[in-house]
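Can you read through this structure? Questions will come right after.
Naming follows writing order (A, B, C and D), and every chain is counted from residue 1.
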């Protein structure tokens, strides 16, 4: 039987393989999903399947209430986090989660990543937020669903826009990133890891290093994102 | 003449080659063994043979009292440590030993690796123990045999279960890991190295970083290992 | 129609691909140009084009006043910086810009890279200068053009010769390097990254590490560059 | 015309290519030589030739007084250091010099590398010595020849045996290693780099980390090198 989600599965498969090719995952410590807004479903990596053997047809189709729509394998254990974010942020098209080394190190440090330079400012105007670990009651409850709540709450509290800041660190855990599709979410995971390493080194070289000044933050962001952007084709 | 251990040697060979493919060894600084419980023997890498030329038929078969049962080469110099662990822990099927960089750095620091995040908690519920260097009398005696004793003593003293914590650091030396078979032991060596690097970076970024709180440790462990585990297929 | 800049584009293309092969760029975070002094134009990477799909014919030809002479794509967003440097420093033939990790970390630290050893001294006799971030008025103005001014001002103030010191860090941003052609500019980007990593590690191992003494600086530089140079063929 | 040094050149060529394959050199920042004791000459890499284009016939044959015996290219600029060491230490067969990152960082820090663990002790029983930078008079004189003197003096002063300690750091410069042939010299360069990285990380994790205790140093060395060695085939 022909699936109507063949293309979606392929997009999701390719984004997951890209995560691996970019050295952002070891074993199965990561997953990417891609959404089909028309049908209110998303495609996501099956849980615990190695990248070496992953095939497009293994990708699982799930709706926003975590019901499996298509697929014989169990979806990623982080599926409920993805579902919650898709439900709340109606304009995102893909989500990625990794345990990439430098991103995780900042998450384990429970510190926001300071905006130290233009590599960072070319992509977002704020420090990369680190959400505090959730309360014990939420951990013992619907944990992955509550991780979604934790992300949204963090953005509310810090008054951040999820379309300007497409990444977050979960304290003691690791990064989630998103974007207009699965490929953009993976791109943001890579950018986050690069920026996390640069910020780590900067703090080691100069513990007194200062955040980028506001005029430079604005300039670099506008080059790429403003109404008169002139970066890229 | 046909060996009855052909399959065991092949398993052991593949696990050793995997150690190399995962960048856990330089030259011959590592070895993996795999056990055959029915015949009370294990297969282990020959000593000082480069991975580039290692062949399945080079693997040596040894019993739990360190007698060579099959093989024309000398077994790994760490053989007595493997033998002792197989003898004492009757439910493990494979053991790996490496000099992987970050694992060794913690061992040389003589510090347990604190459980800083969920990457760690997805695999074990405790800090990764570092056994103190052994007494001079034991070093001068049956050194590799006594390394086995040192590991078992460390687990007793810290009241750890070897089936929950499948890895240890030997102070000033490096890691030993184990599991249900050779492949799982190698997997644990890789996990340990990844966690060791993340913990190193975490301490550098935030010297005051806190261990993961108990509720999160429990949650992540149960996701993978508890009776209602839902991680993986 | 045959371009008279075919060879120039090829040189520029190859230098850009080399930047990628040497692990100095992630995605499109970098660019190289090569000059044609006779025609007062230079070839530069188009903006936002991935290295995987870049072709020699995509390279854009621009004059020193930033007019596009040939090419259907937009030139790199850093083009004005390149143009300004070519205009002011009439003896350089190529320029490279990267966001290489250790170079950026020093730029974000707003510190010159101290000349700690002979790897550094084999290439230049001074600390690698870090230009301070420019004034807000200049940032809000013709930013990339002003980055060129910022570099030239930094060299004037520190009384450095751009033919002896073929590299600079822009505070909070990253490195620019140059040389007799595009390939040499890329070579200098790699040397800078290597030296930046060594200096980082040196400061971590020994915060009191001293700069190379003058006699050694002179000796190593003369081996390669003096009138009686005897390094290389 | 057939060279009587064809085999020697081939050995030297392969050792140099191995240096590159082991990620110990960038560009031409390194060289290996191999000696022919019967004819009192050694083969060494030509100066400034990239590994990508190096051929066995490019290798230069030099005697212990630095006369070129065979070869059309200029020998490595470090040739006089090699010559001096071969002349003084009559039992070594190969020498390697690199600017490998972690080795250079310790040399730039002007610190001996402490013997922190068994990876180190499996190869040598002492801290890896760092020779202090030479006096200005010697630098301005026959520099590379004097680097040889500097190494020998350092071993005399620290009462080290060059057959037990096959490596040294030149302060502010980088490592020289040696061994029974070119391949062993390269092996020692790799071991040094690995040990240098482990020691760096150890100091970062635990600034109070202690040197390996004497009983362990002795045990690990004897396993490999003593009269009753049992490590390797």
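In this text, a contact is a pair of C-beta atoms (placed from the backbone, for glycine too) under 8 Å apart; a residue touches a chain by one contact, two chains touch by 3 or more.
If you want to know which protein each chain is, UniProt gives these names: A, B, C, D = L-ribulose-5-phosphate 4-epimerase.
Everything quoted here is computed from the prediction, not taken from an experiment.
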{"item": "Steps in the shortest chain-to-chain touch route ending at chain D and beginning at chain A", "value": "2"}
{"item": "Joint neighbours of chain D and chain B, given as chain labels", "value": "none"}
{"item": "Taking each chain's C-alpha mean as its centre, the one farthest from chain A", "value": "D"}
{"item": "Superposition rotation for chain C onto chain D, Cα-based, multiple of 5°", "value": "90"}
{"item": "Centre distance in Å when chain A and chain B are each reduced to the mean of their C-alpha atoms", "value": "33"}
{"item": "Averaged-CA centre spacing for the pair chain C and chain B, given as whole angstrom", "value": "47"}
{"item": "Overlap residues in chain A, where contacts from two or more other chains coincide", "value": "204"}
{"item": "Pairs of chains in contact (touch as defined earlier), listed by label", "value": "A-B, A-C, B-D, C-D"}
{"item": "Chain D residues within the chain C interface of the complex", "value": "26-29, 46-49, 73-74, 77, 99, 101-102, 104-111, 133, 136, 139-140, 143, 172-174, 200, 203-204"}
{"item": "Contact set on chain B toward chain A in their complex", "value": "116-119, 122, 187, 190-191, 194, 197-199, 201-202, 204-206, 209-210, 212-213, 215-216, 219, 223, 230-233"}
